[in-house]
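Structures follow.
In the two complexes below, chain A is the common chain; its partner is chain B in one and chain C in the other.
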Partner chain A sequence: MSTLIMIDQPPYGSWSGREALDMAFSLAAFDQPASLLFTGAGVTWLKRAQDTAGIAQKSVERNLSAAPIFGIEAILADRSACQKYGLDESSLITGVTLVDANGALLEQYDHTAFAG
Partner chain B sequence: MSDTSETFTLVITGAPYSSQAPQTALGFAKAAIDAGHSIDRIFLYGDGVHLASALCTPPSDETRWPQEWADFLEQHSIPGIACIASALRRGLVNDTEQKRYQLPAANLLHPFEIAGLGEWVEGRMTSTRTLYFHAGG
Partner chain C sequence: MSSFDTLHILNKSPEHPRAAQCLALLSKGDALLLTENGVLLLSAGRLPAVGKVFALSPDVSARGLGNPVGDVTVVEFGDMVSLSLQAQRVISW
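Our next item is the complex of A and B:
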């Protein structure tokens, strides 16, 4: 049963994205195939060289870089959202695959979920 | 039960009194049971863990959603599980966690339990459908 966990909130204004990441990691820990899809403002999670020193929060970049180690199958980002937020391959972290977040993509998964 | 009966895992991520998620989920759960389906478990995640607080005290003319849910879970012997990471962050603890972190109180409402995301993973595998009740907005 393959699962797509979707994150559509920016990383530092809401906790739901971090909890979505935990859901994906948990699936992978139990050997359940899981991928992440970043859409809307959620694509800002994927920006390279995030500096969170000024807001007393942990950077999500390190969490995300652990995704392949935990066994997350793919980190997907909606192409049009990346364009909207001015993110291209040079400003994204490594290991991100650009996709069109549409029905055809979601149909490839048995289960899709948001954290909140 | 007929061949078309479903087994549901319900995930609630919206808190009572700031979202309608727990109320909507309870309405769904009751309708599902009435229609001959079964509920495998309830999993509270994110802000949804506030539903398991024994300390929610709305005005007397408002529904006590934690108690309504607790009564329903007991009546149908359905496990209600609050995610431990979500719960600890938001100040929802049972006796075990109170002792572990030397906290001044425990506030988990019976029969809710605290456990890990593995309960959600297992619920998805043993249920025919998993539904999410979010805060929305």
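Our next item is the complex of A and C:
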């Protein structure tokens, strides 16, 4: 029973993305295979060097770094969205796999859930 | 103190329908101030051709967009106040 959590909302400005991450982490904590797929503006979660001191929020980069420890199987990012937001290997955080967010990908998972 | 007709304050991500609406209404003599998720427009590489573009510094660095390319002026909160005083009207999208 594998689950794909899709995050298409930018990291800051609303809490829905973080709620999705909590959902994924709790699934993984109960040994349910879970992976994350970032699409649309959601890929901006994966930008390197986020300095969030000015907006008094914890950088999502640190949340994401805990993903492997929780047992998240994969952190996927939609290729075309990354291009749109000017993100490539040099500006993405490590451990991200570029994919095409299409039907073939979604079919590999029993469940797909969105954030908010 | 250059003055603007309308100061458009955009805090919506480029994917939000209101972002496209704001950009469509931007005209010569206007200013666009990008805040919160609005600063993502800087990375989506589609700065408008008309109007002067500003972006709020804490939001820019929070999204790791350090020194944005293109004709944009990064401002602090204090500058936001003076910008709104320079405009005939302000629209917060």
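Heads up, the rule we're going with is that the second predicted complex is superposed on the first by the 116 of 116 C-alpha atoms of A that agree within 3 Å, B and C clash if a C-alpha of one lies under 4 Å from a C-alpha of the other, contacts with A are read in each partner's own complex, and residues count from 1 in each chain.
Everything below uses one rule, namely that a contact is a pair of C-beta atoms (placed from the backbone, for glycine too) under 8 Å apart; a residue touches a chain by one contact, two chains touch by 3 or more.
Predicted model, so just to flag it, every value in this text is computed and none were measured.
For the composite obtained by superposing both complexes on chain A, the positions of chain B and chain C are free of clash and fit together. In the superposed model, A:I55 makes contact with chain C only, not with chain B. More residues of chain A lie in touch with C than with the remaining chain of the pair chain B and chain C.
Annotation: superposed on chain A, chain B and chain C show a minimal Cα-Cα gap of 9 Å.
Against chain A, the residues of chain C that register as touching in their complex are 11, 13-15, 36-37, 40, 43-45, 57-59, 61-66.
Those residues of chain B whose C-beta lies close enough to touch chain A in the complex are 11, 13-14, 45-47, 85-86, 89, 116-118, 120-122, 124-125, 130, 132, 134-135.
Residues 1, 3, 15-16, 19, 22-23, 26-27, 29-30, 32, 111, 113-116 of chain A are the ones that touch chain B when the two sit in their complex. Those residues of chain A that touch chain C in the shared complex are 8-13, 40-41, 44, 47-55, 57, 59, 84-87, 91.
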